[in-house]
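Next up, some structures in C-alpha cells.
Each of the two complexes below includes subunit A, the first together with subunit B, the second together with subunit C.
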Partner chain A sequence: MVNIAKTETKISIDHLYVRYEDDGTESLRDIHFDIPIHAITALFGPAGGGKSTLLRTLNRLNDMVDVSTRGSVLLDGVDIFSSNIDVVTLRRRVGIVFAQPIPLPFSISRNIRYGLELAGENRRSRLDDAVERSLRAAALWDEVKDRLGDPAIALSGGQQQRLCIARVLALEPEVLMLDEPTSGLDPISTAKVEASLQLLKQDYTVIIAPSSIQQTARIADWAAFMLQGELVEWNRGEDLFSAPRNKKTEDYITGRFG
Partner chain B sequence: MHLSRYQTERIAFMVIGSATLLTVAPIIIVISAIFISGAEAISWEFIVEMPRDGMRAGGIWPAIVGTTYLAIGTGLISVPLGLGAAIYLSEYARESAWTRTIRVAIVNLAGIPSVVYGLFGLGLFVLFLKLGSSIIAACLTLSIMTLPVIISTAEEALRAVPQSFRVVSIGMGGTRWQTIRRIVLPQAMPGILTGVILGLNRAAGETAPILFTGAAFFLPRLPSSIFDQTMALPYHLFVISTQVPGMPLQIQYGTASVLLVFVLTMNILAASVRSWQRRKRQW
Partner chain C sequence: MDNIQTRVTLDDSLNALTDDLVRLSSKIDTAIEQSVQAYSNCDIELAQQIISEDTIINEKRFEIEERCLQIMVTQQPVAGDMRMIVTGMNIVTELERMGDHAAGIARLAVRVEEVPKRDVPGGIFQISTQCRDMLRRSVEAFIQRDASKAYAVAANDDNLDTQYRLLFHKTVAETRDASKSTDHLLSVLFVAHNLERIGDRATNIAERVIFMTSGKLTELNVYDPE
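So, the complex of A and B:
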C-alpha cells in the first residue's frame, strides 16, 4: 500500500474487526490503514459498507451498543481499546458530527456550551469566547449572532448542521469526524460546509464519510473506498480518482454500480 | 334491508355518541349531586375546625391535615424510589430476563386490590417492624401501592426522550449520569410529574391500605409525630357514613365534596402540567 511516511500519522488502524453481537453481523473485516494529520480523509462507498461503524468505532461511541471489536486503533500511538484509556477524554479528542443534525433541546448558545460544561468549564468568558469562535469556524456566526438565545430547533436544516459542527469544534478536538454531514443540505449550505472543512483541516485531522462520490473527489486529500465491511483501496484522493488500482473501485467511481 | 353509507354513518355516530354520553353523564350527575348536597355544610369553620359532638358537628380539619400528611409522606418515600427504579430500567439496565421479570412484577403489582396492600402493610410495617399503626406505616404501605404507577409512567417518560440526544451527549464526552441529569431528566420531567401526581392522588383517595396501618377512627388533636395515628379524609368519610348513628347527611356530603375537590385539584394539576409540557417541547 501507499507509504505516507512524509506526512505524520494521527490514527493508525490495524486489522480491525467489528461485529454486532445482537444480530451477529460482521460490520468491519480486517480494516488496515493510516489517517494522516491535518488532512481530509474521506471514507466512501455504497451504503452498508461500514463507514458509520468505523467512525463510531474511532471514538468508541459503539460502546453504547453491543459490539465486539478485534484489532487495534492507535491514536497518537496509543491503543484506544486499552484498559487505561479514559473513554470520556477520548470522545473529547475525537469529535463526531452525525448525518442528521440533532440540536439538543436548548438555545443556540447552550448547544455550543454544553460539551464544555460537561467537562467542568463554567467561566462565563471562556464559554462566550468558545461560542463565538466555534460558530465563526463553522461559518454560522453572522447568521445567528443576534439570536444566540433562540431555541436551536428554530434554525434551518443547513444551519442546524453547521451548529452541530460548531458544537463539536467548541471542544477543540484533535480529530473531527463527520458522517455524511451534508446529506440533507441544499447546494449552497453544502458549499459552505465544504469550505469550512478546508479551513478546519489546517488545525484538525478531518475524517469524513461524504454524501456522494462527487463530494469525495472535491474534498478528499486521502480517500478510502469501503465495500461491504472491507477496505478495497486507499490512496491519495487525486491518485485514487485518476488511476484506481482495483477493478471494484474503478467500477464504483465510474458509476457502474452503487 | 340495505342502508346507504350515509345512513350507516348516521347510525355509527349515534351509537358512538351515546356511548360517550353514557360514560360522562354518571360522573357529572354524581359529582354535582355530591356538591349540591354538600354545599350547605361547607364553610370556613367546616374546613379548619376540629370535629365536635362525636363528629356530628364542627369541622374536618384533622382529616384534611392527615390526608395531606399521608400524601406528602408517600411522595417523599415513593418518588425517589420510583424515579430511581425507572432510571435504572430505562437508562442503565440492558434488556434481559431480569428486567423483563421486574416489569412483569411491576405490572402485576399495579393490579393488586388495595385491601391486600393494607393487609401486607399490617403484617410487615405495623407488626413485624413494630412501627405500630402510625403515619409512617401508612405512608410506607401507600408507597408500595403507588410505586408501580410512578415507575411505569416515569419509565415511559424517560423512554420518550429521543435516543439521539443521548448519543450526541455521550459523543461530546458526557458520562451517562451527566446525560441523564442534564438532558434526559429535564426533558422527561413533565411526564414524570404527571405520573407522580396521579400516583399520589390514588394514595390520597384510598381507604383500604390505611385502614389497618395508620388511620384513626377519631382523634381529638392533630398528630404530633410520624409514629402517631392520623385521621384521613377517605377513612373519615367511611366512618361517618357507616359507623356513626345520627350523622347529619350534609356533613357526609360536605366531607365527600372536600375529598373530591382535593382529588380533582390534583388531577387538574396533572393535566395542566402535561399540556404545558407539550407547548414548551423543543423537538
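So, the complex of A and C:
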C-alpha cells in the first residue's frame, strides 16, 4: 500500500469491518487506508461495493440501522466509535451531501441558516455572514445573491445540489462527504459542482463517491477502488488511472466489467 | 443484460490501430531493404520510387495520429488502453522517421556518381538485415504486448552499434588509400549512419512497448557517440 508522504492524515481507517445484522451481509471487509487532509479522496466501484456504507460509517449515520462494526476509524487520531464521542458533534465535523438534493421548504437563505439556528446561533450578523460565506464556497452566491428570499425549491437541480453543499458548509465541517452528488445533474451543473470541490478541498477534507468513472478520473487526488466490500486498490488518482496495479481495477476502469 | 458486450467500439478501434501500424511498419521494412538495394545496384529508378513513396508514408503517419486522437476524444480511454494509444502515436513517429532514413539512403543512391554497381562493404548488408530484424521484432513486441521481446531488441542494438563502429573505422581508414573514391567512401558512411539510426528508432519503439505494458518510462540504450 502507498503511504501518504508528507501529507497530513485526516481520517485513518484501520481494518474496518461492517456487517448489516438484519440480513447478516458483511458490507465492508478489512478496509484499511488513510484519507489525507486538503485533498479529494474518491471511493469508486460498481454498485454494492460498500462506498455508501463506508461514507455512512465515517460520521456514524449507520448507527441508525442495525450494523455491527469492527476495527477503528480515527478522526484526527481519535476513534469515532469510542464511547465519549458525541455523535451530533461528529456529524457536524463530518458532513454529508446525498445524490438527491432535498431543499427544505424554506427560502434559500433560511435553508443555509437552519442548521446553525438549530445549533443555537441567533445573531443576525453571524447568520448572514454564514449564508454568504457558504454560498460563495459552494459556487452559488453569484447566481442567488439577489433572491435569497425566494423559495429554495425554485432553484434548478444543479443549484439545489450546490445549496445542499452550502447548507453543510454553513456548519463549518472539517470533512465534506458527497455521495454521487452529480448523478442527476446536467454537464454544466456537474462541472460547477466539480469546480467548487476543487476550491473546497483547500479548506476541507473532501470524500466523494463520484457519479461515474470519468468523474473519478477528473477529480480524484486519491482514488480508492471498492469491490464487493473490499478495498482493491488505493493510489493517487493520476497513477491509478494511468497504470493501475490490480487487474480488477484495470478491468473495471477500462469497461471490461461493471 | 449480463451478457451484453462492452467495449466493442473501443476494441475495434484499437485493433484497427494495430493493423494500421503493422501495415506501415511493413512498408518501412520494404523501403529500407529497397533503399540499400538501390544504393548498391545504382538503381536510380528504384531510388526515386522510394523517395516518392516517402510522401505516402508521411501521409499515413498523420492518418494514424488522427485515428489515435479520435479514439481519445470519443472513447475517453484510461489505463492500458490509454497507454496503448499514446504508444501508437509514439511508434508512428518513429516509423515515419525510419522512412526518412530509408529515403536518405535512396538519395545517396541517386546523388553519387553513376557506376553500374558499387563496391559496397558487406557490413552494410549485415547492418541493414539486423536493423530490419529489430524493426520487425519491436513491432511484434507491440502486437503481442511482450516486454521481454522489447528488451531483446534493445540488447540487439548494442550489437548493431558495434558493427557500425567497426565499419566506420574501416571505411575511414580506406580514405587514406588514394585509389579509392572519397565520395564513395563518404556515401558508405552516410548509408551506415542512416541504418544505425534506424536501429536506434527500433529501440525507441521497444522502450514504448515497455511503457505500454508496465506504465514505466525507461531509456534502454543511452546513445554512446564513441
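Rule of thumb we're sticking to: the second predicted complex is superposed on the first by the 257 of 258 C-alpha atoms of A that agree within 3 Å, B and C clash if a C-alpha of one lies under 4 Å from a C-alpha of the other, contacts with A are read in each partner's own complex, and residues count from 1 in each chain.
The criterion applied here is as follows: a contact is a pair of C-beta atoms (placed from the backbone, for glycine too) under 8 Å apart; a residue touches a chain by one contact, two chains touch by 3 or more.
Please read these numbers as outputs of a predicted model, since none were measured by experiment.
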Touch test for A:Val88: subunit B only (first), subunit C only (second), both, or neither?
first
Taking the superposition on A as described, I'd like to know which of subunit B and subunit C A:Ser242 touches: first, second, both or neither. second
**Request:** Could you tell me if A:Gln214 is touching subunit B, subunit C, both of them or neither one (first, second, both, neither)?
**Result:** second
Between subunit B and subunit C, more residues of subunit A are touched by B
Quick check on the superposed pair: does A:Val168 touch subunit B, subunit C, both, or neither? Answer first, second, both or neither. first
Quiz item: Counting only touches as set out at the top, which of subunit B and subunit C does A:Pro187 meet: first, second, both, neither?
Solution: neither
- Is A:Glu250 touching the first partner subunit B, the second partner subunit C, both, or neither of them? second
On subunit A, the footprints of subunit B and subunit C overlap at residues none
Subunit A residues touching subunit B in their complex are 59, 61, 64, 88-89, 91-92, 95-96, 98, 100, 102, 104-106, 114-115, 117-119, 151-153, 167-168, 171
Listed in rising order, subunit C residues that touch subunit A in their complex are 6-7, 10, 76-83, 214-216
Given the complex, residues on subunit A that touch subunit C span 213-214, 217, 241-244, 249-250, 253-257
The residues of subunit B that touch subunit A in their complex are 162, 164-175, 178, 182-183, 187, 281-283
